[in-house]
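Here chain A shows up in two complexes: once beside chain B, once beside chain C.
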Partner chain A sequence: MLLKPSRADFHRIIHDIGVILLVSAAAGVFPLIWALLEGEWYAAGDLLMMIGIGVVIGGATQAFRPPSNRGVDWSHGLVVVGLTWLAVPALAAIPLWLSGHFGQPIDAYFEAMSGITTTGLSLAQDLDHLPVSINVWRHTIHFLGGQGIVLAALTFFSASGALSLYQAEGREERIFPSVTSTARFIWLVSAVHLVIGVSALFIDGVVIQGFDPGRSLFHAVTIFMAAFDTGGFSPQSSSITYYRSPVFEAVTAVLMIAGAMSFGLHHAIWHRKKRLGSNLEIRTIVSTFLITLTLTTVGLAAIGAYSDPAALTRRSLFHVLSAHTGTGFATVSTAELGRWSGLAYAGMAIAMALGGMSSSTAGGVKSLRIGLTVRAIYDSVKVALLPERAVISSSFRQYGEQRLNPKLAQSVMAVSLLYVALYLAGAGIAIANGFPLEQALFESVSASANVGLSVGLTTPTMPFVLKVVYILQMWVGRLEFIAAFALIGFVVAWVRGK
Partner chain B sequence: MASRFTKRSIRGGVRGVLIEAALVVLFAGFAYLVSAVALIGP
Partner chain C sequence: MKRAAVVAIGFGLAMLTVPALAESVSITELDADPGRYDGTIVTITGEVVGDYGHASDVVWIQLNDDAYALSPLAETGALQGTNTGLGVRLAPRLYSDDWGEPGRSGMRGPLLEITGTFKYNSDDDQGETFIDAESIVLIEPARQISATVHQRLWPAVSGSLLLLVGSGLFVVGRVKRSRH
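Let's turn to the complex of A and B:
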């Protein structure tokens, strides 16, 4: 029997979403300062409007005081996260819509959802002339989503029931015993990469690109946020092609790798943990990366896209990294990417679908699930070949020896299958709207795995229904299904429960 | 205490970034090898 949520349940959920809206509104102060420094008064007004609405709604929700004796349980955490990832883009879309660079309100919501889910698909019109501060806001949304809005809220408010919210965001790994200390470590890793990454990009901007310091800082900060949070937005419509600098591409590649690494792996490297090479997830991601890199490189050579090994290496490595880490940066035009056929297309699509490591900002199926799925299939074949009485015990290394029991194998395979179904469903809807199979599948995988690479299907003139489908794919893909299902279950319980 | 923590964090962070950079170099070397073989032939 379904239990109808009580009034206290609603108070708890509304209160917690309100806290996260307040944090999101506070993040708007960063681009607001930039707007004031640049003298972009209209953009400053747009940002102030968003901050004001966020503060009013977030503040009003604090009147819904949850009972002091009830923390957040697992299902509340999931419902709060599911709703948060729908509500925050609505707030974040306000300055984007007011900027006048989006044809319809849904385009601004699409952009904000793409930002918060660290996807990187864009519907902005005349992006190259977007006010600097609004561009900073687009990238700040990436940073908010990548670091996890809930995680940010936990750091500053240390809310009760923190663990449920943290796990509901798909970050199962607890590096430290308490969530707050784990959150602090995540911020520390981000801060170190911020200092090193922004400095390197800033120097490249001033020395190689010839930018003035202010402009160089703008490009360094925005590209850092998009790369480290595996987002893929860029201040220029031509993405990383705009910079035409191998050094800039190399720094960006390092940041993309850092973003797709789990914070557990960052912790292990920082603390000189041994035997990392035997970890199932590390072995899997290195193997799948080398396989997709080989496919793409051989495919590009076969279609004669590049005749020089250095040029071919530069394009294939950057794009496979961009696809596998779920970033979505490009150093070729959308039209040129659309011409990558055969093995090159397959390599890119597979890399996007597989995604990065768990507990990272990357999307997709995730390497740990791929590794466990392959291990489970291998065990099943072994069971079939060995005598009936043989007992098979399967284990794997993931920062220590762990058992692969049937329950774990089943849940891993279920989520992997759900991702495949999501990829195919989006492709099917695009095909029904008249787009060719290859384009439809590429774009669907890109949206669901939160990558952001496009072969030209995602434009402001695309059908309305496809915009809605991609918004849902980005949302479900980022939440790894469970929080989305919990939200649907909560609504059903509200309507039909007793 | 605080300065020891800061020193350890900086050391850990720099080690992490250097390993990430080394990975990019290794992957680039691998991609170059594959490119050369694919373009010129084995």
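Let's turn to the complex of A and C:
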């Protein structure tokens, strides 16, 4: 029997979402300061509008909806996270829509959802003339989403049931016993990368590319946020092609790798833990990266895209990294990427679909699931080949020895299959809207795995229904299904429960 | 409108002065069939956007020939799709301070007519696709866009009021909570 959610359930959920909206609105202060420094008064007004709405909604939930004493259980955590990831983009879209660079409100919402889920697909028009502060806001959304909105809120507001909220956002590992300590560690890692990354990009901008220092700082900050949070937005319409600097590409590549690494791995590296190379997840991601890199490089060589080996390696390496980490930066035009056919297309599409590490800012199926799925299939084959009485005990190494039991194998295979279904569903809808199979599949994988590379299907003139589908794919892909399903279950229980 | 007409006439006149060998093309045409134009001398006309990249021995610019080059969004409010641009490499002697600032928010960058060799995935340049400029004609220098269609105060005013109300509600909530 379905149990109808009680009034106290709603109070608790509304209260928590209110807190998260307050934190999201507070993040708008950063671009607001930038707007004031740049003298972009009207953009500052647009940002102030967003902050005001966020604070009113957040403040009202605190004033009129006092929380009950009960904490947040697992299902509440999932519902809060599911709703939060729909509500925050709506708030974040306000200054984007007011900027006048989006054709319809849904385009601004698409952009905000793409930003918060660190996808990087964009429907902005005349991006090259977008106010600097609004551009900074687009990238701040990446940072907020990449770090985890709920995680950000937990850092500032302690909450009962913090663990449920934390895990519901797609983070499985706890680096420290307390969620708050884990959140602080994640912010510390990000801050260290911010200082190093922004400095390196800034120096490259001034010294190698010859930009003026103010503009160089703008490029460095925005590209850092998009790279480290595996987002993919860029301040100029031509993505990383704009910079034409191997050093800039190299720094960006390092940041993309750092972003796609789990914070558990960051912790292990910081503490110089040994035998990291034997971890299943690391072995899997290195293997899949090498396979997709080989496919793409051979494919590009086969179509004769680059006759110079150095140029060929530079392009394939950067793009496979961008696809596998789920970032979505490009150093070729959208039309050029669309010409990558055969093995090059396959290599890129597979890299996007597989994604980065679990508990990182990357999307996709994730390497640990891929590794466990392969291991489970291998075990099944072994069982079939060995005598009936043979007992097989399967284990894997992931920061220590762990057992692969049937329940775990089933769960990772189910999520992997759900991702495949999501990729195919999006592709099917695009095909039904008249797009060719290759384009439709590439774009669907890119949206679902939160990558952001495009072969030209994502434009402001694309069908309305496809915009909605991609928004849902980005949302479901980022939440790794569970929170989305829990939200649907909650609505069903509310409507049909007793 | 008058200004747009003058600029359009300037564009037309500039086309007449294009060297006989150079083919006048759009960036969309180059992007659609780059192999056809690879190594040929072409002429493109558009707005410099972003930054001037004064690298050690060359200057890099980004030239956009989309609709916004002639009709800036901030002036018309008319959305006409995404940007189309291409990198241009020029010798420092071709660069001039008279061009003014590149196109950004509130700034229409200089309109240039650039003739040069189109290089597609160039082996000599680490696989870059760009135009190696040989001659540049300034059609119109950069100009500030002072009166924009987005000049409105209501978001700032309502935003401030909402912020005030929201802060009050937040404080009330906190007080209630501490009493509770």
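General observations
The criterion applied here is as follows: the second predicted complex is superposed on the first by the 492 of 498 C-alpha atoms of A that agree within 3 Å, B and C clash if a C-alpha of one lies under 4 Å from a C-alpha of the other, contacts with A are read in each partner's own complex, and residues count from 1 in each chain.
Keep this in mind: a residue touches a chain if its C-beta (ideal position, glycine included) is under 8 Å from a C-beta of that chain, and two chains touch if they have at least 3 such contacts.
As the structure is a prediction and not an experimental result, all values here were calculated from the model.
Once the two complexes are laid over each other on the shared chain, residue contacts for A:L194 go to neither chain B nor chain C.
Touch criterion met: A:S237 reaches chain C, while chain B stays clear of it.
Judged by the touch definition given at the top, the superposed model places A:D128 against chain C, while chain B stays out of reach. When the two complexes are overlaid on their common chain A, residue A:S307 makes contact with chain B and with chain C alike. Applying the stated contact rule after C-alpha superposition, one finds that A:G100 touches chain C and leaves chain B untouched. The intersection of chain A residues touching chain B with those touching chain C, taken from the two complexes, comprises 307-308, 310, 312.
Contact residues of chain A toward chain C in the complex are 22, 40-64, 66, 98-103, 124-132, 208-212, 215, 236-238, 241-242, 244, 246, 305-308, 310-312, 314-315, 332-333, 335-336, 459-461. Remark: chain A residues 188-189, 192-193, 196, 250, 253-254, 257-258, 261, 266, 269-272, 289-290, 293-294, 297-298, 301-302, 307-310, 312-313, 316-317, 321 touch chain B in the complex.
On the side of chain C, the complex with chain A involves touching residues 31-32, 34, 49-56, 59-60, 62, 64, 66, 68, 72-74, 77, 79-83, 85, 87, 103-107, 121, 123, 126-130, 148-163, 165-170, 172-174, 176-177, 180. For chain B in complex with chain A, the touching residues are 9-10, 12-17, 19-21, 23-24, 27-28, 30-32, 34-36, 38-40.
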